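The following pair of complexes shares a single chain, chain A, combined with chain B in the former and chain C in the latter.
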Partner chain A sequence: MRSWKAFVLVRLIRLALVLAGVAVVAFVLVKLSPVDPIDAYLGPDIARVGPEQRALITEKWGLDQPAGVQFVKWLSSMLTGDLGWSVTYNASVADVISERFRSSIVLMGLAWAFSGFIGFSLGIWAGANPGSWSDRIIRLYAYILAATPTFWIAILLLIVFSVGLRWTPVCCAAPIGMLPEDVTLLQRLHHLLLPLIALSILGIAQIALHTRVKMIEIMQSDFVLYARAQGATMLDIVLHHGARNAALPAITVLFASLGELFGGSILAETVFSYPGLGSATIEAGIRGDVPLLLAITLTATLFVSVGNTIADILYHVADPRISSASEAWQGIAE
Partner chain B sequence: MTVVVEKPPQTPSLDRANPALVATGIAVLLLAAVLLAAWLLGSSGLASDFQARLQPPSWQHLFGTDMFGRDVLARTIKGLALSLRVGFLAAGISVVIATCLAIVSASGSRLADSLVSLFIDMTMGLPHLVLLILISFALGGGTTAVVIAVAVTHWPRLTRILRAEILQLRNAEYVIVSRNFGKSRWFIARHHILPHLVPQMIVGFVLLFPHAILHEAGLTFLGFGLEPGEPAIGILLSESMRYLLAGKWWLGLFPGLLLVVAVLCFDIIGNGLRVLTDPKAGRP
Partner chain C sequence: MSLLEIERLTVSFHRRAGLLRRVNVDCVRDISLAVARGEVLALFGASGAGKSLVAHAVMGLLPANATAGGAMRFDGRLLDPPAQAALRGSRIALIPQSIGHLDPLATVGQQLRWAARRAGHPMTVPGAVEGALSRFDLAPAVAATFPHALSGGMARRVMLAMTTVSGADLVIADEPSNGLDAENTARVFRCLKSFAEAGKAVIVISHDLSAALEIADRVVLLRDGQVAAQERANAFAGDGEALCAAYARAIWNALPQNGFSRGHHEA
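So, the complex of A and B:
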């Protein structure tokens, strides 16, 4: 049991190190940028600001100090919860992120669940009958989609369903001109539908391919042979031996793919002008809104790295042999 | 003393890489077409013709024309040529980074190993697209920024594979024998280890290539990197967004379709090569 705690602890320390590393790299990258933060802050007001005022802003923001000092200041204010002010949205960064994250998490969470469920089912089906027509079709689907950019899928969906058939709205998370309080759940779902499909499609392909390989492996194993010898039906074997054993690896992959999910949500949100974290990232990057960009980077890293850490730990649960070296050594010592 | 010659469990054969051959054919044709067309067209195909704005596909303009009357097919081919160039450079740089880091990480120093592994965790822990945006923001855009951004986000997986390969090779019997003969580390690295890494590097390169193209397209689609007027697939698609609502579907359909065909071909070639070089791997 002790080794378990140690394993999780090591993973958590790693997580902290990764976050710290990303903070340093992101800060350096932003400092390297040729975009002047004061110009970006002033925007169109730039003509009305004289050199004295510029100097004042520079001093107030501490831009005249060495980069190291600036970094320490920025990090300490981050750690105390002060994320800064976003010029793009004219609101505090913490507010922007929490509001955007709430609408993004619905999209990403649902896409995550869908791609997991559908991808897993398809993978089990394909893996249970390797070489059959259903397997070939599922594999073809997965291959082609793995090569398709998310934003192009989104554009195609838009062309077919929003413009051609007029079934779905073309943009945003709610009808234009409506107050957020008046929007019904049905309308919300209606607007969520296409981004959701665009985002799920890629995830389905990945999970399906992975589960299929695992399933083929399981179907060739001794315990399945034994079950078959005992007269178990195909359905019985697939449900009780196949799906159970393939579930944990699939969930692991699902957690490890949060990075791609986040990237995909940036693209899907841009195509459908969905007001989530992804479109905020683009705005921050294009307008040079440094505090927002840095905060989003750290939020995204936290989100994805936690996913990776969970995947690591689950991997460990799925196959304890991976850490057998330390455990075997402990066994000898005790 | 009898010498038992073990047959390899499964000889790599061309049959198993059959789809790869087809894909190679298509890819070579596509490459030739793109290069030839880009060269033949020069800049003539990109000229604006306001008489022929937003025309649907016809025999004269197979992919239709855009808002300035430019031929979409010509722009798509130009864009694909750019994508291939960016992908080629980025994947190449990625392979070099991966090889260097794998060698450093497998060199025996534990500190170097954990540092490299921290780098890998960092790159995997940050969504690629966010890192791409950060890097192109830092470098102020341009083709070079896109190449560098794509190159520095794609090395982790290959690094892991190469590192595992080196660690395995270091303990191989012939390397130990060679070491006992008093050969230098440099000699062993050059004559015993590097030749084994080359197939992995080639496969890694071919598999990275389509990913690099996809990321380049995504980055340019979002408006980072290249100038708006330049013909890149991502920019073509992002420009098409404004005209989709007016029913100009060809602007969005064809450039993406050609991109998918190109990516798919290189993906299949890469997987075919992997099967050929590693008979154990089987179909992915």
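So, the complex of A and C:
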């Protein structure tokens, strides 16, 4: 019990430090950027505002104060739950993020699960038969895709399936002009299909290559030799020794890839005009929507950090050597 | 009649040298030996003499770039790859030398059950795992532990238990005394001897002649992949006059407890 509490506490402190660090860096970067929040706010009306009015807005928003004071003010309002107002969407930042996150998490979650499952299976198969034709094909596929930018794949898919074959819609998460409550699940999935494929393809290559290397190592290990000496069949070895032992590095890669997944979703969502967090990031960046941009940055940080923490916990659960080692370490520490 | 007969076994490794040239290296040459039921045969040789290769060739577990020549017969049946696949685990068992041969992510009990199932005797009765462990002085709780928590001696006994549940009648033990203290070595040797007494044929691979002599009936001495000598174990006594081969005598007299230390006294 005690070790669990300590683990959670350490993790929370670490998470808070990471978030604080990212907040500082993000804030400094926005301050250094040529984006002027007032210009962004005014948009086309910029010509009709005189210098006096500008000064008034600057003073009202506190932009005339030193950057440090602005940061503390921003951080304290963040901590009280006030994320600010998004000019781009004319809604509170909290609302925009929660709504966008809901549609993004479906896309990212499915892409993550698919790339994990398919990539792991391909990696196991290729690693169990190294040098075979299937291994060569899987490897070729993985190398090509690992080197392919997501946005390019996305555009290619769009050209082939939406424009050429007209199998899939060109944009958005639902048919244009329909009320959200009228959209059926099938329509949603139809719109999700291409972004999902574009986003999964990248992850599959990563997981497959990592799993393949680990699997080759396992197949040459002493315990697989012993299993063969016991008369185990290939399937028996792959299932009981291979998949089990290869799962650990795959889990790590899968959770560590959450950052890339988030980055990929920005590109894929933009190409398909999918209304998720990714396309909101681009919008916020282009329009200089500082509160939204900062809040998305922190959300992404939280997302990736939680993913890494889950990977750590799973690693402890899955590998008996690690859990007993950390118990021993705690024994020494106490 | 011998259970296992090996006639002129040759194991050669081939590898590419340059673009087109292929080089064959014979690591084991013309080895002939036989082992009968109820007998303990020691396969002695220095590291790299080809002891383990002989064992792997018998079981059909050679690396992909190695080929075995010659003829091997088990119980009168020619040991070709299909026969090896059928006999591996069920009638020919290997006792590997280190804890690294156990899967780090599966419990001891799980691996014991796998060994039994692979040999064709699945453990269905509750308590069968604990029973098999207790025969080797292992507590029932060991079934739930993972290999990393075992000591070297315990791991060896777990692997002996895995051999027992397989019911194999040819047992090949690879360096059974390696890394063990005197007490654990004696325990493992007693167990291997009991295998032979129960009518199994036992091959002990060892680079430690005096350890191997404690249980062996016969010793085959390997040197550079060839049989240098075959001797009865009881010929290794005194000054080694009973030994036929000069190489065997030289090895025997070089042991610290024999001529080697006496030579120092004289000097």
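The criterion applied here is as follows: the second predicted complex is superposed on the first by the 297 of 334 C-alpha atoms of A that agree within 3 Å, B and C clash if a C-alpha of one lies under 4 Å from a C-alpha of the other, contacts with A are read in each partner's own complex, and residues count from 1 in each chain.
One rule holds for everything that comes next: a contact is a pair of C-beta atoms (placed from the backbone, for glycine too) under 8 Å apart; a residue touches a chain by one contact, two chains touch by 3 or more.
Please read these numbers as outputs of a predicted model, since none were measured by experiment.
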| item | value |
| --- | --- |
| Which of chain B and chain C A:287 touches, first, second, both or neither | neither |
| Touched partner set for A:271, first chain B, second chain C, both or neither | first |
| First, second, both or neither for A:230, with chain B first and chain C second | second |
| Partner chain in contact with A:240 - chain B first, chain C second, else both or neither | second |
| First, second, both or neither for A:191, with chain B first and chain C second | neither |
| Chain B versus chain C as contact partner of A:100, first or second or both or neither | neither |
| Touching partner for A:214 - first (chain B), second (chain C), both, neither | neither |
| Partner chain(s) touched by A:29 [first = chain B, second = chain C, both, neither] | first |
| Contact footprint of chain A on chain C as seen in their complex | 59, 61, 85, 88-90, 93-94, 96, 98, 100-106, 114-115, 118-119, 146, 148-149, 162, 166 |
| For the chain A and chain C complex, residues of the former touching the latter | 221-223, 225-232, 236, 240-241, 244-245, 248, 318-321, 324 |
| Residues of chain B defined as touching chain A within the complex | 118-119, 121-122, 124-130, 133-140, 210, 214, 217-218, 221-224, 237, 240-241, 244-245, 247, 249, 252-253, 256, 259-260, 263-264, 267-268, 284 |
| Chain B partner contacts - residues on chain A that touch it in the complex | 14, 17-19, 21-22, 25-26, 29-30, 32-35, 143-144, 146-152, 155-156, 158-159, 163-164, 170, 209, 213, 259-260, 262-263, 266-267, 270-271, 281-282, 285-286, 288, 293, 296-297, 300-301, 304-305, 308 |
